[in-house]
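Heads up, the next two complexes both have chain A, just with different partners, chain B and then chain C.
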Partner chain A sequence: MSARKNSGARWARVLVVLQIACVALPLSIIAVWAFTDSWPWPNLLPESFSLRGMQTIVRGGDATGLGCLLLSVEISVVCAVLTTAVAILAARAICFHRWVGRTAFEYLTMLPFLIPTTVFAMGVQVAFIRLHLAYTAFGVVLAHAIVALPYAVAIMTETTCGAGQAREQAARTLGASGLRAFWHVSLPTITPGILSSLCMSFIISFSQYFLTLLIGGGKVRTFALILFPYLSGGDRTIAGAYALVFLATTLLVFVAFRVILRKTGGSTEETALYGEA
Partner chain B sequence: MEISLRNINLTLRKNPILQDVSMCVPSGEFVSILGKSGAGKSTLLSVISGLLLQDSGEVYFDGECVDAVPTHKRDVSVVFQDARLFPNMNVLDNVAFPLKMRGVRTPERRERARAMLAEVQLQGLEQRRTHELSGGQRQRVALARALVCRPHAVLLDEPFSGLDEEVRDDMRDLVLKLHERHDTTIVMVTHDGFEALRMSDQIAYLSGGRIIQVGKPADLLIHPATPEVVASFGQTKAFEGVVCDGEFTYGKLRIAAPGVEGPAILVHTESGATEVLPLDGASAARATGGKSTQAAADNVAQANAKE
Partner chain C sequence: MRNTTRTPLSDRGVRMHATARPRALRRLTEGLAPYALALPALALMALFVYGVGIGVLQGFGIAPFLDRFDFTLEYFREAFTRSDFTSSLCFSLFVSLMSSLIALGGGILLSAALVKAKSGSFTQLLGLQIPIMSMHALVALGFIFLLSGSGLLARVLYVVGIVGSPNDLPSIVGAPSGWGIILVYAWKEIPYVAFCTITIMSHVSDSLGEAAATCGAAPVRSFFSVTLPLSLTASLKAFLVVFAFSFGAYEIPFLLGPTAPKALPILAYLEFQDPDILNRFYAMAINGIVTLVCALAALVYFLVLKHERKEGGR
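Presenting the complex of A and B:
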């Protein structure tokens, strides 16, 4: 029995290593390209290295460099927070209340899954022009939030229904108003879901290209807008540098979300939250 | 605090759950609501606590109608069957939670929480996380949390279900001790007839959303209103207690026992007959044939059946 367990554990470790390798190896190639000056085929290793790629980003200013990165992060963080907040409310309406049209509402939140982004973008562009939201950062945030909403609602609905309302009811019988019961008891319980929703919404927004191009009209220059032409163009050094910064920024934001949630009293340890009966 | 329910009616998803329920829980008393699963007992507790609003009828606390008072302002704590501790807090913070909601400062609320944990015999476990506790420990924490803010009433929703028998006995003793010490009005929901007999000043039997019988434990045991009330006390059982001044005592159960004095057993048969037998040497041996209390009960049941 012990030999079987050890064999099982060994195969599990092999699978994990393979999975990590599938992700890490391509990323490591990008990291190498970010600092490569010349790497002609069929060389296995680069011929020379340089900081040209990183310098392009640092010296690019608002248009193509760190200013552009900051704007992207701002747009995506606002999108993530907005989408998650709406998803929490939608999830509570779906999980805890019975009302006419509840099932239809639940399906409607999934509509952006069914409609291609290009079709959605062209339709919402017309509406945003009328509402004076086109070519603005806020308009881009709203458009990204609509596309990210189904993911956030799906995550928060599962989390909220799983957590249930029982503890919130107990808190109310112990003197907590509805809002305080939610803040002190329910919100910490659904923190793992909130973290997933924030990260998913962030990455969807951060990597949007066509939607940002159409709604932003070229005036709202996000990092993805700058990165994509380099990817399809010939300069792999600059493309690699942008891709590396893209990845590093995403990871940093994920860590920041986790730290903030922990500091506000939430626990991201699911066993601690769901371990008891 | 006296709790009074007048003509409470509640329908959920087109099913009548509570029908014209009226009862009074005198201040400081321990009242059990007894009945089968699905009788509406937990729903009645939810109406008292304000978690559910009744369709018609009124809930009164000390003569004042509280229908418009939200749950968190009714000052009525609830201990649920599944404890419902907060996993994001340790044991001490769980117990201190009601005090925090009432604006008590941190040092004072921690001190009061510690004192309450000592009362439920859980001192030393303040820093434990809730998932590290056993079932019995979780219910003790839930009890401490419900009592720490000295509420006007405590509602217990089958608090001992899901615990094994030995832990259940300890918990019952603890609840009775806390009731005596704090003199709080307690309403307990249970489907265990003998638990209700032992712990209650009064029992209300609920069936199909209606109150069938209300009275002292002895009344329901000796003069049950319906066969369903009889059946709630289940199979033949025997309790060891004491007869003083012609009255048999077992917890809060009091039954007249003329002609018997000192240690005794009360035998209750499935058919509803009751008999108090002395537990002194010779007569105990005659009654029990030298066997255990349960065997004595079986003897009496068989004798009654033959009669």
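Presenting the complex of A and C:
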């Protein structure tokens, strides 16, 4: 019995190691190509390395380079803050109140999970042009927020319902105003949820290509937008460099949020990053 | 967990603050509070529904911005009579069904393995969260580097002596079977399904799994009769999300898909971009069909959710 159990655990470990290797392989080869100068067939290792790819990004400036990365980060930060703020309120409506339409509202916020972004983007483009939101950074932020909202609401609902309202009401009974009670009592308990919601919304916004293309119309040049044509192009070094900078930025943001989470005393186990399909 | 409504305490006017306000007014503001809280999210979702709705309406020939208000099924009829549409529909259905089924099976297996191996948070960071947060298109690039004609795999096979030239391997880009697309989705979504099921699976394994083992159930049997049924709703929900996502996504079929048949979102966007504005109606009819399929997935998702909440006593 125990021998069988051990062999089961061993197989499980082998499987986990294999899966991590499969995850690492395509990401590592991107990192290698980013610094490769020439890698002729059929060599197993690159012949020479160079910084040509990275230089291309730095020299690209505002049109195709670091300026786009900065704009992307700005758009995604604003989107993350906006989405999370909206989700905090929505979660309170879902967790603390009984009202007509609550379940319908909950289902409604999940719709962008399941109805494709492509359909939404092609449909809403005309409306965004009419409202003068198309081709502006704010329009892109708004469109990204819609796509990120289901994740943010799911995270905030779980945290808010879990935290409950008892302590906030105790503070109010003692005379604190609604806002003060929320700020001093509830906010600290839902901080882990807020952090993962910010992180998730940032990453979703940062990775949008199609939606940005249609709403930004090519005028709002985010990093995902300028990176995309390189992926099907011929220059592997430049494609690798763009992809590496993109991946590094996402990872950096993720790690930063985990560090903050740990510093604020939250458990990274419970408030892990929510999945994006 | 979700039944935390206002305590009777505040209703009885114990709250010093609020007693000054008239009772009726307080009732009214408390009644309106949830709507006010939900309003910003409602506004965003209204824009979403509007975008999808106005698009789908154009598929029926209704486009107020072009002064067209006549309902017609012509564009749907056109879609189903065009051979490139029907083959695209089959291609899209095949690719997303394969991707989501592989994600489901692989995700459950991975989740079970992670629980069994007692993996820590760092292992889960590498195995689950890194793939979840990597952009799809970049994964496609990584696989092109690995598996294209002159990719790393072809080089390894050349050194071993199996492959003679870069053109001997089946190409990952443009394969009519769509195996490259399925591979990228599997890489991304197996961890996603595992992520969605691992919490419940580790709880089950801690509590009920022990009980089953004590009662003499073999590990495999306890997995199939206890763990799997209990994590079924979580994995079914993840499966539906993956299916709907891969059915409607643009990036991966654009990068790795064949020139014919094209995936439905590619076909729709091509028609959408056409200088002839009439093609837009056709594009929107295609989008309508995509929406219909995803709406069915959403319906099943909500039914599963409802069932899950009933079971969970919420």
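Remarks
One rule holds for everything that comes next: the second predicted complex is superposed on the first by the 222 of 277 C-alpha atoms of A that agree within 3 Å, B and C clash if a C-alpha of one lies under 4 Å from a C-alpha of the other, contacts with A are read in each partner's own complex, and residues count from 1 in each chain.
Definition applied: contacts are C-beta pairs under 8 Å (C-beta built on N, C-alpha and C of every residue); 3 or more make two chains touch, one makes a residue touch a chain.
On a predicted model such as this, the values are computed, not experimentally measured, just so you know.
Residue by residue along chain A, chain B and chain C are tallied for touches, and C comes out ahead.
By the document's definition of touching, of the two partners only chain C reaches A:N43; chain B does not.
Residue contacts after overlaying the shared chain place A:T189 against chain B, while chain C stays out of touching range. In the superposed model, A:G175 makes contact with both chain B and chain C. Legend: residue contacts after superposition of the two complexes on their common chain; A:L66 is shown touching neither chain B nor chain C.
Once the two complexes are overlaid on the shared chain, A:L25 sits against chain C while remaining clear of chain B. By the touch criterion stated above, A:R167 is placed in contact with chain B alone, chain C being left untouched. When both complexes are overlaid on chain A, the residue A:V81 reaches neither chain B nor chain C. Residues 166, 169, 172-173, 175, 177, 272-273, 275-277 of chain A lie at the contact with chain B in one complex and at the contact with chain C in the other.
In the complex of the two chains, the chain A residues touching chain C come out as 4-5, 8-9, 11-13, 15-16, 19-20, 22-27, 29-30, 33, 41-44, 85-87, 89-90, 92-99, 102, 105, 107-124, 126-127, 130, 142, 145-146, 149, 153, 161-162, 164-166, 169, 172-173, 175, 177, 203, 207, 209-210, 224, 227-228, 231-232, 236, 239-240, 243, 246-247, 250-251, 254, 268-269, 272-273, 275-277. Residue ranges of chain B in contact with chain A, taken from their complex: 49, 51, 70-72, 75-78, 80, 82, 84-88, 97-98, 100-102, 129-131, 133, 135, 138, 145-146, 149, 155. Listed in rising order, the residues of chain A touching chain B in the complex are 166-167, 169-178, 180-181, 184-185, 188-189, 265-267, 271-277.
Residue ranges on chain C touching chain A, taken from their complex, read 1-2, 4-7, 9-10, 14-17, 31, 33-35, 37-42, 44-45, 47-56, 58, 65, 109-110, 112-119, 121, 123-124, 126-146, 150, 152, 154-156, 158-159, 166, 187-192, 195-196, 218-219, 238, 240-242, 244-245, 247-251, 254-255, 265, 268-269, 272, 283-284, 287, 290-291, 294-295, 297-298, 301-302, 305.
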